[in-house]
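In the two assemblies presented below, subunit A is common to both, partnered first by subunit B and then by subunit C.
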Partner chain A sequence: MTDKSASRAPAKDLAPAPAPAVAASPGRSGEGTAWLLITPGVIWMTLFLVAPILMIVYVSFWTQTTFAINPTPTLDSWRDFFTSSTYLNSLWTTVRIWLIVLAATLLVGYPAALFIGIFVRSRNLSIALLIICVIPFWTSFLIRVLAWRPMLGREGAINILLQKFGITSAPIDVLLFSQLSVIIGMTQIYVVFMVGPIAFMLSRIDRNVLEAARDLGAGFGRIFTRIILPLSLPGVVVGSIFVSVMVLGEFATSAALSGRQVNLLGNIIVTQVGSLKWAFASVVGVVLTVIIGIVIAMLLRVVDLKREL
Partner chain B sequence: MSDASPVLRLEGVVKRYGDVPALDGVSLAVQGNEYVSLLGPSGSGKTTLLRVIAGFEVPDAGRVHFNGHDVTGQPPHERGIGFVFQNFALFPNMSVLQNVTYGLINADKGAVSPAEAERRALAMLEMVGLSGLEGRSTDQISGGQKQRVALARTLVKGPKLVLLDEPLGALDANLRARMRNELRSIRQELGVTFLHVTGSETEALAMGDRVAVLDRGRVLQIGAPDTVYHAPETPNVARFLNRYNLFAGTIPAQGQFAGPFGTVSTPPARPADEALYGIRFDRMIVEPENPAAPAPALHATFRASEYLGSSVVSFFEGEDGRIVETEHHMSMGAPPEFLTGQRYTLRWDPDHAIVFGQSAAG
Partner chain C sequence: MESRILKPILGVYLALFILFLYGPFIVLGILSFQAGPDGGPQFPIIEWSTYWYRHLFGMTEVTRVAPLHLREALFRSLTLAFMTMVTATVLGVISAQAFRRRFRGSGVVFYLIVLGMMVPGVLTGLGISLLSSELGISRSWWGTAFVAHVVYTFPFAFLVMLAIFNRFDPSVEEASWSLGVSPIRTFRKVTLPIVFPGVLSSMLFAFTLSYDEFPRTLFASGSDLTLPRTIYATFAVEIHPNIFAFGVLTTLFSFALLTVFGILLYLSTRRAKKIARQEDI
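And then the complex of A and B:
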């Protein structure tokens, strides 16, 4: 449906163009261009997204034996997943970690975005600050994750500092190889995806609107709750979608920082694929995809992005 | 008509951006229940002045007194001065009604209950002629209606002083004329003071009980519109009025002016740095070319004319290449026909001239 309207619009624009070449076949050349533009994307997505997803769904119903797999349809893998407490726990852990990291990125990211988008008056400075937020991405994902070990470990920087200043007498063990370290690591990596969209929405708020609110007698608190926050919600939703999609599919951070204490659905997929359990890995993949779909659908209900953007 | 003490008093207000003074010692007193229009070209500091009065900017020097109190350091939300923005600055996430109740419900001081706020807001919306549009969102109403919402939102708070920053600038021409009348009648009904900033001399003259002319951060003149119009005190006021032909020349002796039109006797000169002779467009008389005409007589070539409905403005090019304008009011009869490229002699009654400068003799 969208393809159709997208191809119509340029055709209409081209129709009154004075160039004779275009005027000779006004509709066709415009429509042809539009199809040409969308074709590579459609081919790519069909081959490498739609087809594999359909394949994963299909494989999840295959019959798995210890070292082989055959396409005889069965519900065994699905039954295994939903009857095993290990896997259901992992499902719950994934949802829990996602919710905590989502809240943490919001808690850390929103004030930062508020500072960048509203309180920094210079456009150049706010862009510079956003670039600074992206600096961690100049190093590889693995290094970023592993760098937390010398930071959070028993002999790590944080414990040394805490003891040096006499805040704690013994090193805190829970900092590394725990759920906490996974949350810290993920929040640090993904918070920038929250800051960006929110700062963008905030920077679009007309300064005069905020001044008008002040002039009408409202202090910052009332201006924030009634004007700034509602106007930034689309940014919060877009940021939340980014963070959710990435956190729900995560496995590397928990593998590197949890010391096997946190098993996310992503970690299970890695393990199952490693032991060639394709059918079971497909079940987990489908479950994860469905969860992500539900989360995105729920987030999109919060605001009408079509209207707000 | 006006209270004894001014509602707003500015004392030597200075505001600099870097080294550039936006306001260079502005002193101004505005009475209660008065419509003051503030005329200034772009860059004259008029918006900065409003922002200092509202409290969005803190002056580098000088004091702002409002309602008998020094409010110089007070934040805007504690001042109780209304501000209507040029772009209206409506709250985009709220309905028309919510826009108007916002300031009543959310004020830090003197907030009212939502029910009372709604009652007052509905009354105010009726007054500005927006009944029935309460539930609309702000992108479902026209420019003129947005203007009224912005006005209602400010007026419903009952401010003693409302600052309007080029309030008609964003409206199209016929709406502008209608809103002029409405602004005046709404102001009269509520008895509040309006300080209206504009770059349009017709708007300033039409709307203000008094007109203040601002240039390069200074108030050049403040007075009744007809006083400012008939008797501009400085050359720049005459320039901004856009109704005077101004000729450079010399003042050979007190009561005399030598310009491109000859040497004539004049009314006494107003002190100014430059010697200028001003004569209003509608005082000009166009005659067939007559090289022997006695001064003042300006020989010029007709270039073009502009039909304005109630009058016709004609453009002549003087011998020095400068454009001279004449205005013929339709009430004086049908306008004369001029031939493009034809030479004419422009004359006027020298008693109507305004002269600025100091006599060369000292």
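And then the complex of A and C:
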């Protein structure tokens, strides 16, 4: 797919610039047809995405009885959320895990993207390397999470290797069923979403600019901070949006690897729904939506994506 | 030059990085050959065997390790993925086709569609199950979970098609129209064959995302389990190497799917090029 785009790009340059907005439209005029074509998609998203989210907001103000909810408006569930230390802790845990995983994916992923995007000369090789990074996604997400158990456990692969090489004398317990295992697991699962966009932006940097900077005597550190890093920033932002959205909505990784030590907001929603506390689950859902909205808005502040991409 | 030193360092780093991505899966693959039924999901390997693979297919004696009910779950997941693939791709193609002309409100519509992949699965799932219970619709994998899956996969199909149409040369269509061919026939005979590699990619995205989709399904699919939900059910109890054997098998299945996709993509790209060349003459 991607190498096809490369072979097609010059053809497009040769063709006269297309004017999509005023292109000769067949039969009936463009705007009507466009609306006709877009209607099914808009209806689908309105009914099955916007309406459900509004429903969450609405239900968060309903009255919760032991096994049912009724539409009498009340702020009880909201009060419960903001007065319970359990739930506030979970809110803090979610934000903390998100920040750590975001930093970890960036730190672990950036050098890999740098090598793929800048140092690999051959385009085919860099595409091949990216594909190698993506291949693990062809295994079920839950199984990939589960695979960390035999890696990190007391008798897991890492402890066995550490002891074999004499680095540690006794197995490290903290590796599994802890906050650390959740962070390691999430970093491994989501780091590729950081590597992809960054490598893409890096590969678009004009090599001549780097050559020129080098000829003018700039060291790599200077080239990196003045040219490479600023130009890769849109990729960092896109990657951060992907990672943030996925980590903030997570519950499966912490359910599998934390041994109930880490309770994210997602875990709270799952348990509350399990015990039919719909109103309360909705409150947590609204809190989560607000957090994600703020995070995306903040990230979009950093760069103007529409202009950059 | 510093990059002389830096390049090998980063190369080694990338190798370690790839090991980090693959490590757990290698361990999982090795442990799937653990001896059964007493071998646990950890090292050392007591004895190499294919016990857990046979266990998956019900070819071993009954032991305390409950068999996974994969057959029905597999059927549901494949059917659901297929339904999602068809719907999401059709929606993606026609929506992207609409976006080839600028229309009023296109900005809002764009964000509305992309929202589907940005909203976390827990929220979509929770919202859909609330809405369905309010409307008195019972939850099922082929109903509520299906619409949730399309909400998630349609944006991917849409973005892929948008990218394809961006590189599409409209003059071939104009030529067809000017020869008096109807727009619908033009779309079928000219546009679709050229953009077909994109359609295939959309289908692949939609199928695999739906096949592996978990959070939306957990809330929206009612009592019948899909494959990911069957796996999730094992989280709560002690895990056995049969789940690892299953992981190896699903991965092989994915690779088979990827190979078929690669072949189809190759064939359709060749066809699209041929059509484009004919149009050139």
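Methods note: the second predicted complex is superposed on the first by the 280 of 309 C-alpha atoms of A that agree within 3 Å, B and C clash if a C-alpha of one lies under 4 Å from a C-alpha of the other, contacts with A are read in each partner's own complex, and residues count from 1 in each chain.
The rule is short, and it goes like this: a residue touches a chain if its C-beta (ideal position, glycine included) is under 8 Å from a C-beta of that chain, and two chains touch if they have at least 3 such contacts.
Bear in mind the structure is a predicted one, so any value in this text is a computation, not a measurement.
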item	value
Joint occupancy of subunit A by subunit B and subunit C, clash or fit	fit
Partner chain(s) touched by A:Leu146 [first = subunit B, second = subunit C, both, neither]	second
First (subunit B), second (subunit C), both or neither touched by A:Gly219	both
Touched partner set for A:Gly266, first subunit B, second subunit C, both or neither	second
Touched partner set for A:Leu107, first subunit B, second subunit C, both or neither	neither
Partner chain in contact with A:Asn208 - subunit B first, subunit C second, else both or neither	first
Partner contacting more residues of subunit A (subunit B vs subunit C)	C
Contacts of A:Ile292 with subunit B and subunit C, given as first, second, both or neither	second
Touching partner for A:Trp278 - first (subunit B), second (subunit C), both, neither	second
Which of subunit B and subunit C A:Leu88 touches, first, second, both or neither	neither
Superposition-derived minimum Cα distance between subunit C and subunit B (Å)	6
Intersection of subunit A interface sets (partners subunit B, subunit C)	214, 219
Subunit B partner contacts - residues on subunit A that touch it in the complex	206, 208-209, 211-219, 222-223, 226-227, 230-231
In the complex, subunit B residues that touch subunit A	54-56, 75-78, 80-83, 85, 87, 89-94, 102-103, 106-111, 150, 153-154, 157
Residue ranges of subunit A in contact with subunit C within the complex	1, 4-5, 8-9, 11-12, 15, 18, 20-21, 23-27, 30-31, 33-38, 40-42, 44-53, 55-56, 59, 108, 111-112, 114-116, 119, 129, 132-133, 136, 138-144, 146-151, 153, 155-157, 160, 188, 191-192, 214, 219-221, 241, 245-246, 248-252, 255-256, 266, 269-270, 273, 278, 281-282, 285, 288-289, 292, 296
Residue numbers on subunit C that touch subunit A, as the complex places them	1-3, 6-7, 10-11, 13-14, 17-18, 20-25, 27-28, 31, 41-43, 91, 94-95, 97-104, 106, 109, 112-113, 115-116, 118-124, 126-131, 133-134, 147-148, 150-151, 154, 158, 167, 169-171, 173-174, 177, 182-183, 186, 197, 201, 208, 212, 214-215, 218-219, 227-228, 231-232, 234-235, 239, 243-244, 246-247, 250-251, 254-255, 258, 265, 269
